[in-house]
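Each chain gets a letter, A, B, C and D, in the order it is written, and its residues are counted from 1.
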């Protein structure tokens, strides 16, 4: 069984959520379990896509309760860790797909790349070093299908 | 949906594991999700009991990988937290049932009692204060059925 | 340099705090750094004792801010982990002294014993297994001096 | 008392470490406590600079022991959290200065920006969104003095 984290803003616009929903659907069809931060936006969309295809979804929530958990989670787990739960999302998964970007999403991309896990990104933010883009660790993708193929070869 | 943590030694004797398996089975039949540390002994037995009755089981593993995860987990989540993941097991659940005892189990009992969550114990260790047993927070039970009834009224 | 965690209730009575203050003082005189949860009661008393003797004190606070930190801390570190920071107090120290008891204190005693670190307790709670007290891992002490001697031989 | 995290690679080249050492020195002269991941490279250099000016330095180590701790730490705290301790470094500090860059450093920059804490960076990596650089949350600086001034106005 492969676990893939889907990271992205909790308040993403519809076009970004549509990509996330397709990512979730494709992951479920490939038999992968979706792991996320459990809230709305990209997280909810990915879970909705996975659940619609019979997939299993795991939400690692920042608070002490399940308040704010999206309704598409197979299991919704409060962590009480606040933003430190971003690291837990990465630790729990074998690979990460980022859809859209904000600082929280970037923290997950960075921790996954740091851990040497496969990372794919659709849209979102790019990172550059002194000598140009830092591309080796993140596969930039144009579509949900490309991103899923990149982390589930 | 109610989440119940089942805590106990990873190397418990058969009689203790039999109780844990019955706890898991009863939780599944009541529709509760089993949360545990994901390893063997009491954890594996509770998951085996739940899985045999179609229940959902969550393992929060101490390491960075799924090594040692028992085969009855619906989702197996590496945390990389070591023994700090005991606190995560408690945070993720609404109540806790301890079966048998060791220091790791006691840490989960203590954290759950500290958080004001319902705690039931079958066998295992007892705690006394200067004025006698500290009983208010832990329901001592003789059987799996009593323990499940205590936390799922 | 040796780090010793001092654990105990945040609202302990004066007699218990007096023991904690002496523990802190003795640790400082032995050159050990005091680690604690950073709040009041036993934690504040141990830090006050250590600070009065030129000792270094570290508080690992449960919240996102330094609100509630006692005024005797050399360094006050918000963790944002809530009660999970109890495990961090244990991880950061080489040994643990419990003064008085409650469920939070017991979680620290259990995690330290689980990790195989020296644990001493003055007053507080006792733990029994099916065959009697579980004594091997915790040195029961009558005085602050005994407790410090037990963990700093 | 203000706490400033200094983040950067554990194996940075001499020119980067020289900037980190100056950051540490300036922070100590301003009376700020340096918080870091406790290891070598940028972390060791910042601590060396702070210690040389009588500053206090805190290292939050990834492992269960103090192995690899740099020799300039006032307090060296094992966390057992692995790379999740990056989030703890951010939680413990009021602001963050990044010197040089890698994925671990970027995770700290992202978590600090996410938490709304002041972030300054000397060298290192830059982040761009679909509409250009994401600059509001990170002050790009050419020198150690600029970075310290940016977070300690």
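As a working rule, a contact is a pair of C-beta atoms (placed from the backbone, for glycine too) under 8 Å apart; a residue touches a chain by one contact, two chains touch by 3 or more.
Per UniProt, the chains are A, B, C, D = TIGR00725 family protein.
Keep in mind the model is a prediction, meaning the values are calculated, not measured.
A count of contacting C-beta pairs for A-B and for A-D identifies A-D as the more extensively joined pair. Centroids built from CA atoms put subunit D at 27 Å from subunit A. Shared interface positions of subunit D, i.e. residues touching 2 or more other chains, are given as 64, 80-84, 87-88, 91. The touch graph of these protein chains is complete, with an edge between every pair of chains. Of all residues in subunit C, those touching subunit A in their complex are 64, 80-84.
If you check the complex, the residues on subunit D that touch subunit A are 82-84, 86-88, 91, 101-104, 106-107, 110-111, 113-115, 123-130, 134, 137. Taken together, the subunit B residues at the contact with subunit A in this complex read 1, 3, 33, 35, 56, 58, 60, 64, 74-81, 87-88, 91-92.
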